[in-house]
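Same chain, two partners: chain A is paired with chain B first, then with chain C.
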Partner chain A sequence: MNVAAKGEAGTWLVAGAAAACLAALLALLAWLTLAGLAALWPSRIVEARLDDGRNALGEIVASSDAALAIRTSERDRIGGGYVRLLRSTIASTSEPDDAFVVALADGRRLYGRGDASVAAAAQRDSGSPEAEETVWPNALGFFGRAGLFVRHAGRFLATSTPAPALVGGVLPALIGTVTLVALMSLIVMPLGVAAAVYLHERRGFAASLVRGAIANLAGVPSIVYGVLGLGLFVHGLGADLDRWFFADRLPVPTFGAGGLLWAALTLAILTLPVVVVSVEEGLARIPPSLRAGSLALGATEGETIWRLLLPAARPALLTGLILAIARAAGAVAPLMLVGVVKLAPALPVDATFPYLHPSRQFMHLGFTVYDAALAGPDALRGVPRAFAAALLLVAVVVALNLFAIVLRNRLRERYRALES
Partner chain B sequence: MLIAHPDPTLPNEPPPGALPADVEIALEMRALSVWYGARKALDSVSFAVPARKITALIGPSASGKSSLLRCLNRLNDEIADCRIEGEVLVGGANAYAKDIVVHELRRRVGMVFQRPNPFPLSVYDNVAYGPRLLGVKRGHLLDDAVESALRAASLWDEVAARLDDSALELSLGQQQRLVIARALAVGPEILLMDEPASALDPASTLRFEELVRELALRYTVLIVTHNMQQAARVSDYTAFLHEGRLVEFGETDALLTNPRERLTEDYITGRYA
Partner chain C sequence: MSVNPDTYGAFLRTKHDPALTRRRQRRDRLGQLAVQLGTVVVLAALLSIPLFLIASLAAWTPLPERAWERLGTLFAGTLKAATCALLVAVPLGIGAAVFNASFASPRFRGWFKPCLEILEAIPTVVLGLVAFATVAPWLKGHVATLLALVVAMPALLLAGGFALGARAKHANGWLPLWILPVMIAIVAVAASTSRQPLIAVTTPWNTLLIGLALGLAAVPLVFSIAEDALMLIPATHVRSALALGATRWQAFVSIVMPAARSGFIAAIVLGASRCLGETMIVLMASGNTPLADFNLLEGVRTLSAELVLGLPEAAPPGGAYRLLLLAALALFVLTFTLNLVAAQARARLHRRADRGALA
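What follows is the complex of A and B.
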């Protein structure tokens, strides 16, 4: 019997395609999760004895059939302790229980063997005033390691980034990302909803031109928006603002340099098309009889839109917001031109008036990923850090979206009868 | 001893569209014509709707019943290629005069649509929609307005305990009474109903007709129906439209039992093809 005649071939084909998509997605998430979490999992300390009698104590950071790379004590600077050992010259390796690692406040790591007093002496010799932690990882059981992992994860999330941007937490980048997305949402939603209402209410040549233009905006590469933001906002509007309001501080720019506000505006333009398109679709789905009912009660056009159509289109508004957040949180290229920096001296939000500082430069998780993976001086530290930051970025996007999705589903529940 | 004399000044058979002089008029159409683009939907219709009575508008599909109704509260304004000629007098003033504010006119001339169209809001918010447009904000004033409108639509007893539930959860019959309550809450003088019972089951329809009879004590009702029995049960006056023209208008009993026009007779006896 011919399979194609029964139509089963097509079923298998589309089901296979769907399964492949799902598998790819799961593989991506699993890999990212494993690699991201592994960066925070405490590794063992290895002592390698060489044929010539020397030995090396530290963490294995890379290995191949021919050689091992070990991070040994960094006495002078971060990244100054790597050694590459040919396997043919290694006599033996061991994981001594009394091996310790001292994580210094400036990010350097010292390795040694002995008890707490030896570790304290090593820290004193290093010239660093204090140690973040001293642990004997080889002596720990699984739960001890898990406890350490939780502590590392907490520190990664909740502490700020020290100078070389290679170690420490990513709290400033996390705050920067969330603040940026929130500010972008505040800008894009009113703008996008207003534009969608206009396009919905006006049918005609001009409206279809605008509609086409907005739909095409979605296809513009994001770096182009970055250049636009740099030219229009930073160098144009920002320079004007400085001349008018902050002339006393010139030539030091206030708004004339990249900053949170310009980045949020740039992202708002970037995400405008998805908001407009989904809100307009939502408005189009509302039955015309509701509109007629409102007008028949003596509501004006504006009252009908404001009191009835927009509330009824709230699920579509949230869909637009979800898509906008997803697109904005992943856009790094345009931000590099309009305000993201490797290390920001201050947070864009803090406890001093006016709490939100729209002119400040800021850090962003997406940029942290790029910076740690490619632009840092210490690739062996940077790549695991990039994975951890990428995992966090995905978690932030998922969390923001989940919030909006839960909100939307609760609204859908209310309007379910309307859609049938 | 009183002897009823027929008034010699009145002709025995008034022409179509005329009413006895002592009947109070709420709404009057004078040579009303409607075009949608090049298509003429209504052709010079003239008749007067008596106040606080129920007037049924009957006629085959596409005879212009709905078009006529939508002229009376100017809902046809929303249709881009619709053109209107003639006059509509609401309480003596032309609804199409330049100084008429459309949304104020629509508050005086309420409308109930063919399918119940409750807003996707709570029962309370549906009824409060109109009063809120009028600027009623104070809690108890709004509560009172909602309650009296729901009572007038004889829905209060059924929904008093579920005012915060979504209006979409009500049955169709309840939804149709809810939209009447919503229309009543803005204090109209005239209620236009466009085949309001066509989506309802027989029991709900009877209930609905009862309500319409009650409403006629206070409001002028103009109801479109293509159900002859319904027109007979509910209405005081009937107008028969055919292909955009008013064929006959008169008291319902007379029109249905003893039509003057051949066309009317064919339609009500079901011989109309």
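What follows is the complex of A and C.
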């Protein structure tokens, strides 16, 4: 072994760094999938007999070497049934086949043993008018559980969030996110494309000013954009709008409080650099001969751009849009200043005229993750719920990004074909 | 691509139809106007951030008592969190970039970059959730394990390099995929050992945790800037060195690394800028305790977290509101300056690359 070859060991260090990045990504995605799906997977019901003769029936929600936390029947309020049992005091645990769980419409869960009539009696005693479902999970086989899981997942996606417990589905947050992102796209795309065309066509001081602003502001933290949205849009523009058009409703603010419109505008500014950069890159890759040919045939500048360059750069426009959407869907911090709420009384889109309500507060998937994990009323329910919402969010964002990556690769091949 | 027949037909007709020509020119001017209008709006929107912050601070309201002390504490917390995160992000990001640009096989490169783009795309609120709910409870009992891993992993890699790498004439382009399972196995074994914790922590949501999560969030940015710089170095230089008998690692250390130095600086500076302004991770996993000390086992509170927590309650003309705007301005100036520095460093590198003066 000569001395020079020894230096080759350094490649192992940098390869290790690359491996660590991959390991982190894999671990993160795997854990998210696991924890997100586990939140919806039906858990078994455990009966723990204690040394002193008492017993506790319910689901294990946390366990450590020293103790178990079990959710037993929540007779009067949600989150009211947790018991912590020291492992040293537990005589035996079992999973009886006849144990049932009744999920009540208000989010409470009741546990018991017996057949359907016992379950119905338990539900009547609880004071809740209806039960969402009654199941005997210990008696179910794998496929029975999988069916239950699918039903839970469907309910998580497609039902609304009841107050005040914040359990149940995330449909309002999903609708809020989609509406917000759609509105933001409508604002950011025309502006971003216009700026990209300008940067592509012009050189000079103004162009370099725009370019510099875009390049440097792309790195400004998103929370600063949120401060801008709050100060300029909500407290500035919104308060003015209220004074001019909604004076009869004051002091109740209409646009003077955070809402969908201000959030969309804030996110539009936040994602402008992404759109401009990727559209300009797309325009720059189009061979100049195409443009020269068009001009030589007598087309005006505008016609060349509108009918030749922009259609040729369509994939780049799409890439910009997708990246902007992915960035906007994941941005939570600025939204917390401009109108996202943990529980909105009404959806931002509904069937009453004018269908889209830009001044309404809204719910957001990313904020649901934060809120369920940290600010929810019941942390032992909140964290699994946050993981399920996070899995949904990551699935959407990663899918969008993968799509953008595939599109970009195809774009490169297409330009290569154009050049040859 | 063929010429659009409409355009061509329109051109033929214009020869005989002055009205059509006028209409086309008018449409053209309208189009130009729209583009300029859009650009002006974009510029106004982007410049409105500094203008708004400065303008609203100029309106004089007295700051609350001990405001500067408060800002100082937050500033110290921000710096502490960002430094800790950089200690994670810079070795990982730059190391991965170096491997990817100088040693990886082309097919590995084609896969690796999108992987890091996916990592970048994961919303920080999700990273915050995992740090808060999963890593923190583990870290509470395993601070010593973590530190041991941080020391042992590079040592093991170097040992592996000396034992196995020296035999191969050129580095294996897929090396990370060989290391990956071993690394996962070591971390998994180390993570699952449970003993009495050697280092007791008061709070599981401490700066160490922030460093890990925030650092991971900044890795893709550091990676892409550094890799960008490394890719600018002409391959002919490296090939000449190899022809003269240098190993790949020698070629990298003596030729590529010095040439790409400004790129590395830009990567570190941009990584710092990212870490300073990141909000959700710090908000969720730091405990938000305003402390100005250098204990990594205590929590922190950063400027960004203070903004999110404080602004919804602060009323516009008040002193508390003004203090928060001041915090926002500080954050803006800090990150903007860092971005400028990084942009300068990158521009220098690109200029030299264009001149062919690298290496």
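One rule holds in what follows: the second predicted complex is superposed on the first by the 375 of 420 C-alpha atoms of A that agree within 3 Å, B and C clash if a C-alpha of one lies under 4 Å from a C-alpha of the other, contacts with A are read in each partner's own complex, and residues count from 1 in each chain.
Everything below uses one rule, namely that a residue touches a chain if its C-beta (ideal position, glycine included) is under 8 Å from a C-beta of that chain, and two chains touch if they have at least 3 such contacts.
Here the structure is a predicted model, which is why all the values come from computation and not from measurement.
Looking at the shared chain after the overlay, A:S294 reaches both chain B and chain C. In the superposed model, A:A121 makes contact with neither chain B nor chain C. In the superposed model, A:A312 lies in contact with both chain B and chain C. Contacts of A:V252 after superposition on the shared chain: neither chain B nor chain C is touched.
Contacts of A:L186 after superposition on the shared chain: neither chain B nor chain C is touched. By the document's definition of touching, of the two partners only chain C reaches A:Y225; chain B does not. When the two complexes are overlaid on their common chain A, residue A:A375 makes contact with neither chain B nor chain C. When the two structures are aligned on the shared chain, A:A9 is found in touch with chain C, with no touch to chain B. Chain A residues in contact with chain B (one complex) as well as with chain C (other complex) are 290, 293-294, 297-300, 303, 307-308, 312, 418.
Here chain C touches chain A in the complex through residues 1, 3-4, 6-8, 10-11, 14, 24-25, 27-32, 34-39, 41-43, 45-49, 52-53, 56, 91-96, 98-100, 103-104, 112, 114-119, 121-130, 132-134, 153-154, 157-158, 160-162, 165-166, 168, 171-172, 175-177, 179-180, 183-184, 187, 194, 216, 219, 223, 246-250, 253, 270, 273-274, 276-280, 283-284, 304, 307-308, 311-312, 316, 324-325, 328, 331-332, 335-336, 338-340, 342-343, going by the rule given at the top. Interface residues of chain A, counted against chain C in their complex, comprise 1, 4-28, 31-32, 35, 65, 190-195, 197-199, 201, 209-210, 213-228, 230-232, 235, 268-269, 272, 276, 290, 293-294, 297-303, 305-308, 312, 326, 329-333, 336-337, 366-367, 369-370, 373-374, 383, 386-387, 390, 393-394, 397-398, 400-402, 405, 418. By the touch criterion stated above, chain B contacts chain A in their complex at residues 73, 75, 78, 103-107, 110-111, 113, 115, 117, 119-121, 129-130, 132-133, 166, 168-169, 179, 182-183, 186. Residue ranges of chain A in contact with chain B, taken from their complex: 287, 289-290, 292-300, 303, 307-308, 311-312, 414-418.
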